[in-house]
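Have a look at these structures, which come just after this line.
In the two complexes below, chain A is the common chain; its partner is chain B in one and chain C in the other.
Moving on, here comes the complex of A and B:
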């Protein structure tokens, strides 16, 4: 019981810390926090078999996700850890992982049973080590992505970016390119007038409505993903959809920075279910008259379809949208996804 | 921009130009003598070009200097006429010098030479008001001569145009208007002695009446006017107010600009007609004189063509000029009456009745669409929406605004004031709004001949998202917004009287 309440406390604390921070923390720090949280949970719960582990992971992740609908990272991390556990089990047993091609008919019942009842004790240490590795990988993903900027951005490029202020990944991506001696111009699409003043030196800030007139002179567009899905579509911060449409019209390549922990193994058919609307945008002096009559929408995300994205820049490499489905196999186990 | 061809042209037949300048110097000296001016006014030909045009806006502006006496006005008119004649003189010299070949070169140069030399002459001319009356009479005589010559010119236009059709450059540059005009004069043989002649390049009798735009017509007069310290004195205060308002970005849309312009013009007309009555000038030249009088006003509005009028306003101005030229009444008062009536009609046809007609047509169409999306402010769209909301009970409106607390809030306000509910999104949510909506209604600034639409910034993005979700886009426009031009490149369509940052998007008709 103690461990249960402990776990509940941990979870509650985690959720509160997420909600307390405004503006939102960077995704990588949320990912790391989730990793730590799950590690602690596993430590406290001490599941004996694989099946137990999976059950506990799914239930915790589902509940966490239900309280923070827009944070898909939580589920991702949970599933990744589950895959790590499976890998460990397989390794211990010395078996090869069944090839994806044969996985449909190779896994007979017996293998499944054995897998489920595999003893956790043996692999616990290794699992902990893998989880630590996972968090290191998350930490280093930003630098890995930044290092790819030299391959994507060239001299005399005019790069249009969005949400430079809110994304550290984007920032490091561009500064890395600038440091390596690339001479390119950066146009940043900013949200409000105030951000126009605080933009870093190497960018020219413009507002969202000016994008259409600057697109013909742009040679590359770089966006940050909030999440990306196996079909190659992705969620980007609001406003990204128009930028991508305009880029397509002018045949400008769109690169989406997408570290691996944002890869969601599930399709998201309806972004509205993410409950990601923000505050009111009407000016205050209109509030008296407009109360009850005006519905202000301020979405946080836009859904980009896969044909609008040229490349996903992940920490390992750049991938084309159609390859994302294959890539998810690296991080998630299909059984987990099926059972979710 | 117009400077560069001059610089390159300078290099070619330098000798020819030198000859031309010699001739010019002589003829201008003569002019000066006739006007009783000392020889200092004949300066050397300037090194370069359009700097003279752009340079000297005087520091001390007298925006509301209303004490313009009749005499002063006459003197100024005479001065203008004299300058034009001087220019005609130069063009004569040009013809003589460069009869055979490249038509473009000497014309710009001597024009500018003339402009520079006219500036110092302006002051002494204004003083010489005694000569004014003489000049006016000579003016009249020469109008007749010009009309004869105009007939000759028309026949020569054909010749000219076949020559210039091969020259691609001139089709694109804005300055071709002036060059063309001067070129027409090119082949006409003028009487050799120094005579004051009405400037052919100002009288647009030739076929190319419409399409060069207001700016290019006025360019030659404007330059000579605005160098003076009291240059703003002859600009009517109504226009000055209009200009000031637009600089302060107090005017939200093209329709308001047009309405204000028409009202300013009405004021100007009233004052001008009254003055004419006082001077008891002949009503037969009413149209012509008004045309001349309005040019510096318009030039000031467009800042010598630097900020061309909005397309729709250009249309209105053109129609207005046409009506002015056709005015033919007995007395000054009647002429004034006619024009005032015309202006009233324009206002009502183009604005109030137009809105009603448009909304009648449109409400039928959008009846089937329950969810309407609009982008940014346009008074026509607002009118339509309000009408539609009254007739269609369950219509839901979403307003996309270019930036937060932008002009889209006017739509919101108008709806909320009547107690209707409305959804509001900024540009970030344009995608969401389109996904949710059934039709997008846009206002515009102008519709070009190839079907392209010039609309507010951000309209293109909204239209693309609408396209993406397969919802129809309807553009509403009054008929004066249809322009006979084609805009292929989407560069900086500066929305003119709104200067600063209200640039305009070009939506190609392919959408």
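Moving on, here comes the complex of A and C:
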């Protein structure tokens, strides 16, 4: 079996399964799919040195991401695995324990040399094991985030949430709080009218235009991140920006649920470049007259600046926006980021 | 492990096997001759620089369909194989069916039936540009429900909720969604409705657009093989409606809810429209940047104002967003390495790779191919431009122009509306309905019957529709412009004449085939038995062999089966004689041959005394009456003589 066509087929199948699903799958399952894909690719390609591995990971992730622009997770996972491999190499060589706190700068030449020529065969087993660990960590991240709800939501809180219908993490976050006996009220901002009826019974659904009138009574706002960046900014489902601005005006804290695999290690100078658009929302019969004359914008995400976010609720702990950069070092290696 | 793709689809009930999709990859329309060079296979035609078939397979992937049959004409089998290579992973079964020498959707279906590939209900996508944004779950359910209720609910046509560009009409029962009225092929915006239709709750709908998608039972496929002049699904619909009482089948219309969108392209006008709609993201999640698997090195970015850019896979990085067009541009799809001036104004258009557009040019509603050079101050609206085309500075390309590959646009031709320019003369044998003439170093192509290239229908008239021909040649369709009641009989006459000509030319003059063809023409034109009798013989008399009496006699003997089939009854024989009478009045040279001809046919048992006598009484033309008098007298005599024989021949 030609390993190259095999890998191409794997990648294609991955993209097919992403695109087949509409609406999109939950991000955690996409993350796990990506981990599995990369594990298989590494297994098939069987790179000899660390440099080979890094190169192949980069190119695969770049291409996969290029065909699915809105899925930054693919890049994140690729870089995480690359970092895992690095750590394994250094540990095997009996070098010092990798210290995330001090590796903000690039590796010195000696380490670089060692990494380049490291024989991947020896660490292969360990790498597979740590990749497996990564996927269990992703799987458990939803529960970890949910368990923190008790620390963040209190009795008599009035919580405004967004995109409850599409985010399973948000759902388990709220249900966990309810189960632990918190007596709080939940206001859900919904995008489409049909969600008004299908909302779970512990929430009061409202539409986006009502946010301003309900904000004064709200004590907490919880949003879901689609991606977050080292500078503390993040992407949230469209509509989140308005909610966050109103929350800031009324001094309501904004919590953003952010599992670690959504942390994108790049500083985004221009959030507009991440914009992905959805459908034209006008009724189709209007297209008979409007085609080519009307530009209907329907962005998928809003970019939130770091000053609008009070806390990121990651799976390990709650962190303030300015600490996200520090969190980055836990999961990524600066060399990988620089090389990407 | 990646979860298997099937794990997602649990909605499909066990007892109902999922539909098979039959996708026709070719468009059998000579209208598209100018683009054949670049895109011999219509399915590879780029909508927003993405081959159209990719969109179809993208949405099919999201439906319950697991088996796809890609039907393609033999010449384009290679393209289909490429598509299969890219897409086979998305479906459980992906078959390419290459059919040689097919000239219509009907031919493809017949081939499928012959090979016994259709085993159950199927989804027919008769056009490779059909796009839709849903997964069709409720629609397929509804189709199944109808099938369960009544096995005669054989077909459901899918329509989207949008006024269609051709303003065609439909009559639908508002309660059951049963299709009651369907326009004829040559007048899309006219329906013949009777009063009782309105008592039965028929809604006349003009606000619907066909999607090119139909859910069919196996019976539909056999309809094609039973009537081998059917070229498209429309013919089947007309057949079922016109023979409601005999076949007892019914067609239903499923209109998509307003939030769902669907469309397909059948001519240049609709191609440009589809391109615009696609750029405006009406069919999300079917959008250009998510539809490309064809070639793993092709990637698209979507930007605000619906600007799409195809990028080289190697150069993509997260932060790339340096691409800026002028403020005047929106809804544009650009191929790789295009050079566009910042001062150019491009709207609702698709530009192929490596094309250069200079400053102050305006391009609206157009599709432009690869490697083109467009000079300064040009103006291009509603145009289709092929590959390697050069448009000199300051040219105003006329609206609705189609410019083939490699043309250097001659400025002198700029004033002609609806221009179709080609680099080389058309192969008129291949495209028998087109002609081309050399002008200003290019070749101007046109339909021989004078129809429009750009649009399929003008004021609802498809002078001859996309669907109702390829087997006919020019002769049959030239006279169809004037509509009216006689139109169909006349068409029938022409078709019969043609079939006869063909039979005459063929080596073994198979009467069985000729009779089949005449029967199918009869159904297609919906003419009465009387008209059949009259016109078959009228056509027969016009055959070149019948200039002389001797030739006619020989032909009558050798075509005996034909006459035996159509002229058994007295009534039909009278109509035969009426045709003779018409001919007598019309053609002078024919006159003296009439008595001998009638006599000959009598001797050959084609005509009976009764018929001749009854007809002879009704003759109005005095000269004919007197020349027939001899035979009449003779017949009156012989009638008394051999009564017994006569009875026998009657029984036959």
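Definition applied: the second predicted complex is superposed on the first by the 320 of 340 C-alpha atoms of A that agree within 3 Å, B and C clash if a C-alpha of one lies under 4 Å from a C-alpha of the other, contacts with A are read in each partner's own complex, and residues count from 1 in each chain.
Note that in this section a residue touches a chain if its C-beta (ideal position, glycine included) is under 8 Å from a C-beta of that chain, and two chains touch if they have at least 3 such contacts.
Predicted model only: the values in this text are computed from it and were never measured.
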Task: chain A: partner with more touched residues, chain B or chain C - done: C
- [ ] Would you check which partner chain A:172 touches, where first means chain B only, second means chain C only, and both and neither mean what they say?
- [x] neither
Open item on the list: Let me test your reading of the model: by the given contact rule, A:58 touches which partner, first (chain B), second (chain C), both or neither?
Closed with: neither
- [ ] For A:33, select first, second, both or neither according to whether it touches chain B, chain C, the two together, or no partner.
- [x] second
TODO: Would you check which partner chain A:297 touches, where first means chain B only, second means chain C only, and both and neither mean what they say?
DONE: both
Task: chain B versus chain C as contact partner of A:238, first or second or both or neither - done: first
Open item on the list: Which partner chains sit in contact with A:216 here, chain B, chain C, both or neither? Use first/second/both/neither.
Closed with: first
Task: Shared chain A surface residues [contacts with chain B and with chain C] - done: 283, 292, 294-298
Task: Of chain A, residues touching chain C in the complex - done: 8-17, 19-22, 29, 33, 36-37, 62-63, 65-69, 72, 75, 266, 268-270, 272-273, 275-280, 283-285, 287-288, 291-292, 294-298, 340
Task: Complex interface listing, chain C residues touching chain A - done: 1-3, 5, 8, 58, 61-62, 86, 89-90, 133, 135, 160-163, 165, 207, 258-261, 273, 276-277, 280-285, 287, 289-290, 292-293, 296, 299, 301-306, 311, 313, 316-321, 330-331, 347-348, 364-365
- [ ] Going by the contact rule at the top, pick out the chain A residues touching chain B in the complex.
- [x] 191-193, 207-213, 216, 238-239, 241-242, 245-246, 249, 281-283, 286, 289-290, 292-299, 302
Task: chain B residues within the chain A interface of the complex - done: 402-405, 409, 412-413, 415-417, 419-433, 457-462, 464-465, 468, 490, 492, 503, 505
